[in-house]
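Here's a structure for you.
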Amino acid sequence: MRSCTGCWASDKLHEECGVFGISLSPHDSYSVANETYLALFALQHRGQESSGIATSNDGKIHVIKKSGLVPEVFDERTLQSLQGNMAIGHVRYSSHSESSAINAQPLAVTHINGSMAIACNGTLVNGAKLRHDAELSGAIFQTTNDTEVIAYMLVRERLGTPLMEQAVKNIMSYVAGAYSMVIISGSKLIAARDPFGFKPLCMGMLGSSVVFASESCAFDAIGARFVRDVEPGEIIVAENGSVTSAMRSEWQARSSLCVFEFVYFARPDSVIDGLSVEHVRQEFGKYLAMRDNVKGDIVIGVPDSGLSAALGYSKQAGIPYGVGLVKNRYIGRTFIQNTQSQREKSVSIKLNALSAEVKGKRVIMVDDSIVRGTTCAHIVSILRQAGASEVHMRVSSPPFLHRCYYGTDIPREQDLIAHNHTVEQIAEMINVDTLMYLDERDLRHAMSGLRIGYCDACFTGNYPVRISSESENQKEGRIQV
Amino acid sequence: MRSCTGCWASDKLHEECGVFGISLSPHDSYSVANETYLALFALQHRGQESSGIATSNDGKIHVIKKSGLVPEVFDERTLQSLQGNMAIGHVRYSSHSESSAINAQPLAVTHINGSMAIACNGTLVNGAKLRHDAELSGAIFQTTNDTEVIAYMLVRERLGTPLMEQAVKNIMSYVAGAYSMVIISGSKLIAARDPFGFKPLCMGMLGSSVVFASESCAFDAIGARFVRDVEPGEIIVAENGSVTSAMRSEWQARSSLCVFEFVYFARPDSVIDGLSVEHVRQEFGKYLAMRDNVKGDIVIGVPDSGLSAALGYSKQAGIPYGVGLVKNRYIGRTFIQNTQSQREKSVSIKLNALSAEVKGKRVIMVDDSIVRGTTCAHIVSILRQAGASEVHMRVSSPPFLHRCYYGTDIPREQDLIAHNHTVEQIAEMINVDTLMYLDERDLRHAMSGLRIGYCDACFTGNYPVRISSESENQKEGRIQV
Amino acid sequence: MRSCTGCWASDKLHEECGVFGISLSPHDSYSVANETYLALFALQHRGQESSGIATSNDGKIHVIKKSGLVPEVFDERTLQSLQGNMAIGHVRYSSHSESSAINAQPLAVTHINGSMAIACNGTLVNGAKLRHDAELSGAIFQTTNDTEVIAYMLVRERLGTPLMEQAVKNIMSYVAGAYSMVIISGSKLIAARDPFGFKPLCMGMLGSSVVFASESCAFDAIGARFVRDVEPGEIIVAENGSVTSAMRSEWQARSSLCVFEFVYFARPDSVIDGLSVEHVRQEFGKYLAMRDNVKGDIVIGVPDSGLSAALGYSKQAGIPYGVGLVKNRYIGRTFIQNTQSQREKSVSIKLNALSAEVKGKRVIMVDDSIVRGTTCAHIVSILRQAGASEVHMRVSSPPFLHRCYYGTDIPREQDLIAHNHTVEQIAEMINVDTLMYLDERDLRHAMSGLRIGYCDACFTGNYPVRISSESENQKEGRIQV
Amino acid sequence: MRSCTGCWASDKLHEECGVFGISLSPHDSYSVANETYLALFALQHRGQESSGIATSNDGKIHVIKKSGLVPEVFDERTLQSLQGNMAIGHVRYSSHSESSAINAQPLAVTHINGSMAIACNGTLVNGAKLRHDAELSGAIFQTTNDTEVIAYMLVRERLGTPLMEQAVKNIMSYVAGAYSMVIISGSKLIAARDPFGFKPLCMGMLGSSVVFASESCAFDAIGARFVRDVEPGEIIVAENGSVTSAMRSEWQARSSLCVFEFVYFARPDSVIDGLSVEHVRQEFGKYLAMRDNVKGDIVIGVPDSGLSAALGYSKQAGIPYGVGLVKNRYIGRTFIQNTQSQREKSVSIKLNALSAEVKGKRVIMVDDSIVRGTTCAHIVSILRQAGASEVHMRVSSPPFLHRCYYGTDIPREQDLIAHNHTVEQIAEMINVDTLMYLDERDLRHAMSGLRIGYCDACFTGNYPVRISSESENQKEGRIQV
């Protein structure tokens, strides 16, 4: 369902989502839907499959959500129809799945005490078990989303407590996985980050109103001020634009922000848990250069994700930074691939080598990671056709070896090129003169300013929690909608 | 949510849906999706808001459903993607509601024993109570559909029985209301009609395969043979194209087919519970004429629903039948009304009087019913402008006085013109020379060939079951999606 | 390019277009675009391929035109953008041609004296020759429309006269063919009908403003009053809502309104050149019955075009009129045909027989014409399957034998079933018990009230003008756009 | 018609178009439509308003063209329908003009000797006069494109010569302006570049087939080999994949490639008339730095067009290159601006400053040009909000002072900020600490490797031909379509 073999983007990981929430102060007159629209647009890189906004005026919830990019799903008329003093929004990652329509978020439900809307970035490790337990007592599921599981858990806890935030706290003791989320319940906007803090979530102020977002770049887009990150295990309640409560889960977890946020997922202009994404990426490049002694004439990055590390490498190594690859900036979801021969040309359509920059030169090419290796090999061949005399690849992360249980859309381990091959073998397969990965210790150094711990299990296999065989074999839902 | 004031169709009732199901015989090679597509197209008059098809190959269920007419929702590619040996389909009635996307059917869910898809034509009387009971034990609802309530009830019953058909039988003892439905569960296609038989449902054979449909006209469209009606309270199970079981609810109910199927809803070429719809409509006209002594020069029907009764009236009265009103056959959902002045012209855009037929004549105009009376008044004025010297309106049903609790989309009683006014007052309000309704006794005579009983509560207030104040005040769900 | 074999509508002729024009009086405040929109919607039956509106405010011309039905092409925003005190509009007939976009009308052009927009219903007999002559002096053509030829001729004549109406009069002496048209030129709205009057065109008043339309039903739709028909060879100029001039071509032609307007094309509620279309169609049926002595139990029409003649037949013959065939009213351009087996079912999807009406009966079935005969044969088989004991077909026009040179989209003569077969052979081919066509003399009687002459060359081969071999072989343009 | 005030892109110039052509060798089996599709996609930066492809098989021409990006206009089915052994394609620049549909290219016409399709990148200086002359002899115009004027001229010349290439040569003696174009005529593909060579055009080989394109990056996208530039005044004829003739205009013109191709229009990976675009841009930056003595901590470029010059500046000045501004890569035509307050935020939505890079730093910001200055001012304020202590703007082109008569979409001179203000005034208006433009002499040095002359009239007012008052006042056409 998630594979997109043959697609130009197939050799990149996919983030699972971005979320945003706003609780309007009585002193402000923003349109909560418009602000959410703009913020989601800034978070579009976190998900291109579907977009949705739910608004509420202390009661009745309105949702509009659909397959498509933010500007495709919403227009002036639909935004106008979304009134209220609270809103949450969601963007979902891109795939060719038919399931986009039904799995779009926010998920709005009614329950015995009213209604609720929830937008979640994440995946549960014990989702299948929780789903099964709920089904045993008669629950039905309409999506394959873990967000629906969370909604069930919340509603069941809510039966025993008058406070939704307490229900959130309660489920945190047994819902395992990654789940940064925003919730509308009654007059409250609740933001919560799982005890491990796998996914980023931060808080800001827009005028006198409270806002939450997956990444700080969303605040910049709407002119909001960053206040602080939501901490792992923290539950913050806002009402009428003011924070009324901040509880904390009792689960003592090793904080484990996903390192791939820094490697690839996040926008460079975001600051996550105290660290600038751009800064870290340049550091990755710097550390690569510190251990390197290859002779090169030019350092280039693979657009867009390899550029920052290339710049950092160049500065450290004292080798000129250059633009060796140009990306067609109109590449998008609408680009179709008509024939087999076109598919073969698809990387050329996306990227072109700049012959004037690389001809006759020893090129040091930096990219953020190698997943399957197929795209890499194409890019290298483009550079060689453009006249590069040598191509040395530098990867600004360690070898990608292990699958992820927390929402990152990673191929099966047997499809990970580094899982089955030595660095030398990979170098040969992608036809580079030399290949070097970021050392894990250097990764650690570059990340040392992070205010919390991070998860690098995809590189180390060192998972923050023991993974049961159940989640390893977690079956996909049987309905495809 | 359901009102469409100002819309040309606002003075007509809306049916709640049409359903279709097919269980493929191993001896046949039909595409179940294609056959369902054609059948739904024949049932399009029962619902224009959304369309959906679910298919299954004894396990994995695929659903495609969306707002729009059948040919708008499906194309060659989407039909191709719907493979299997069973299918169910659904068309939902037209309104301006934003809720169309999420409320589209079939509803596909997973539960502890597998997956299920359900398409239902109907409304529950005790839906709110059942929903509340389920919520008390932690259920969440994502739609405002009673079909979701039925799905919950089925799944809960299913926990205690290995047979889904038994679960269907079990819920029949406490789920009150109208609900003709088709269900895919495991390898079974289950068709069920509520104990009152409010909504039609019939069974046929396409080659060696079993088919079910709301109306027999769907069988004609795909070349299937009509076998028999599903009886009130009956549950029929088909597997691999053969009927394997037919159970019956134990609830002893007074069979109560909705009389409006014959008055207006059904296609004239359908045969329901033993009676031809066209035949009954002509009988309505005949009985009207038998009690009438007005002098007229021409009998005309209001297209399309008044034509059959007008023909019956004409034959009985010996007054020539004519075409006095011509309908623009391109009227559709896409027609927009731009300005206030255009709205005033909207009936003229839909209907035009045929001056050559009515000029200088005493016109007897037959229509199936009067709901609010607004459209009627416009049509009468059009006829008078075209030169009709007299306009005598004859209505092929008794005065419409009471609301419906079984799924028919009827305005509040205070909006029903007959609820507040005498026949003389109505005649004056719509500016006809004389007005006559069908006598209830004549309705009974015309319907005498029906194999089961019928419900005429909208005319008589004589409801088949006592209506609790709860259902009278049944609140709409609090989520608008 | 125009064939649509396999399509359910392929056995019907296609009209070439409908036009409308309005010149606003300073005393009125209508939106000329909105009124044109409504009028075109009433003329939609004359063309479903493309729709267009041009407006002008005594100078600058704005045009919006596209493939699609009127409500598909225009919405509130686009109508709003079309301002002015004059407008012309056009609907173009439906086909599968890819050429729809570029051939859409109105055609707007600039020339040495300003700008002009033209909307034309018709086809030229000497179009290829005129085009060739223009090309000889350097003209280029961008469409395959004769309207572009007319535009060239007008502009060339206009070089020698200060009056566009004089240019219209001048070209009438050598442009041969059918061309009812409306033109915006400077501050003038010009309406003109070719000297033969092949195509209808009438004039009316909307408030104090002047309107022109292909059929009077467009006036009814907007609440305009019919004033009179534009006469063959007449050129009427309106300015600021007043008629300022009415000239006449000097070409003495035998007036030749296309008889198929009465047989099939026009809406029954239109009155053309003094005759009600509905009345004439009933007369056709009456005359058929007068010469008939077949024993029948019921007279039915093939919807929609055979209904009026069936009614006329029934009244004359004293045999009851009934509804034997029901049409699916959602059939439209979007209906797709997915597989070969569905194509075979396509007539069943469009039409269903009403078994209750026809079972065991001797059915007299009336349709307006037989072109290829394929659809007829299908309908007859549907009736027989529904139990009709005999089927007698009556055609409310004479046998269709000859092609048309004036814009009617007629198959090659070898494809016309009546061109190659006797009535007996046709009866056998379409499997009816008896078959009878309208006698040409009766056609004449029924049309006797027409204020001008008519063309029945498709029945008689008696063309109003000698057809050169050139136009018989008129090649289609070489560009397909 | 061309203004888009308030739009985020309004402060950039717009290129007029990109063209591509292919003449298939009998030895190759490429789909000419597919290759054209891919090539146009690589040229998309030259025009986003409309896209079109015309194919021909030595005779019948098929065209598909529409408003929209290349992947929006074409899909598998439409490409499939475009068969032939020749193709030309066109992309047109983006604006909010309603005229997109009718002005889309290629333009296909029939004339006395057959048919022709033409795609042109350019604008005529004497277009209005040529149009007027043609109108005097009866020509009509359906677009506001100069391409239609060129088509008329070609057809008229073609009346006197059997060779279309001779006709092309003939018009070159009096058609003044910029016009790189590709033409399909009969079995020939003709490529021509005006005697001044204002617009780029190059020739390549794909297998054994001949291809032409506005920029060499289109060849890279399809895997074609660059052969050489088409020279100013050159006319090249290809037939069946072979070059059969290369003629030359007799007009002795000063070759005048538009300098803005190097400043902004062209893709950095293209090589034009012997010079790499990326190389020249870096040179611009280098020369800026050579004359500069400002103290800075970081050099940043405004994405995307300022990046190359920033890199060149950084290398020369020895000041670190950094990423100070991040662009939202999902910005596109579909992004809507809902409210006034959003419009104010529109630059923030497009660009965000990278605080971690610029905070507390003296920032040297490089952009390619300043047109109106509004966007600049916004970007500067974003950088200051992000903490830049100083902002020094460097512009990699001389001040923009004069309008263009050759197709570049430049605002009126009074709207050019440099036309009315000194450098100091501009610096104050856009709130930078210092502002420096590229010196004209340095521009000359950087361009010194160009194989032909170039036009820098927008900087110098030194136009290659005297501009008559006629073209200064050239009226827009009076039809808006």
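Letters A, B, C and D mark the chains in the order given here, with residues in each chain numbered from 1 onward.
Assume a contact is a pair of C-beta atoms (placed from the backbone, for glycine too) under 8 Å apart; a residue touches a chain by one contact, two chains touch by 3 or more.
Computed from a predicted model, the values in this text were never measured in an experiment.
Asks: Show which chains lie in contact with subunit B and also with subunit D.
Replies: Neighbours common to subunit B and subunit D are A, C.
Asks: On a C-alpha centroid basis, what's the spacing between subunit A and subunit C, in Å?
Replies: Roughly 59 Å, centre to centre.
Asks: Rounded to a whole Å, what is the gap between the Cα centroids of subunit A and subunit D?
Replies: Roughly 36 Å separates the two chain centres.
Asks: Return the distance between the CA-based centres of subunit A and subunit B, expressed in whole Å.
Replies: 47
Asks: Any chance you could list the residues of subunit D touching two or more other chains?
Replies: Nothing qualifies.
Asks: Quick check of your reading of the touch definition: is the inter-chain graph here a line, ring, star, complete or other?
Replies: It is a ring, because the chains touch in a row that closes back on itself.
Asks: State which pairs of chains touch, listing all of them.
Replies: A-B, A-D, B-C, C-D
Asks: For subunit B, which residues count as touching subunit A in their complex?
Replies: Against subunit A, the touching part of subunit B is residues 59-64, 66, 81, 98, 101-102, 107-112, 114-115, 117, 132, 135-142, 151-152, 155-156, 159, 477-481.
Asks: Going by the contact rule at the top, pick out the subunit C residues touching subunit B in the complex.
Replies: Residues 31, 34, 37-38, 41-42, 44-45, 48, 69-72, 74-76, 79, 217, 220-223, 267-269, 271, 276, 278-279, 304, 307-308, 311, 315, 320-323, 326, 328-330, 332, 334-336, 338-339, 341-342, 345, 348-349, 352-357 of subunit C touch subunit B in their complex.
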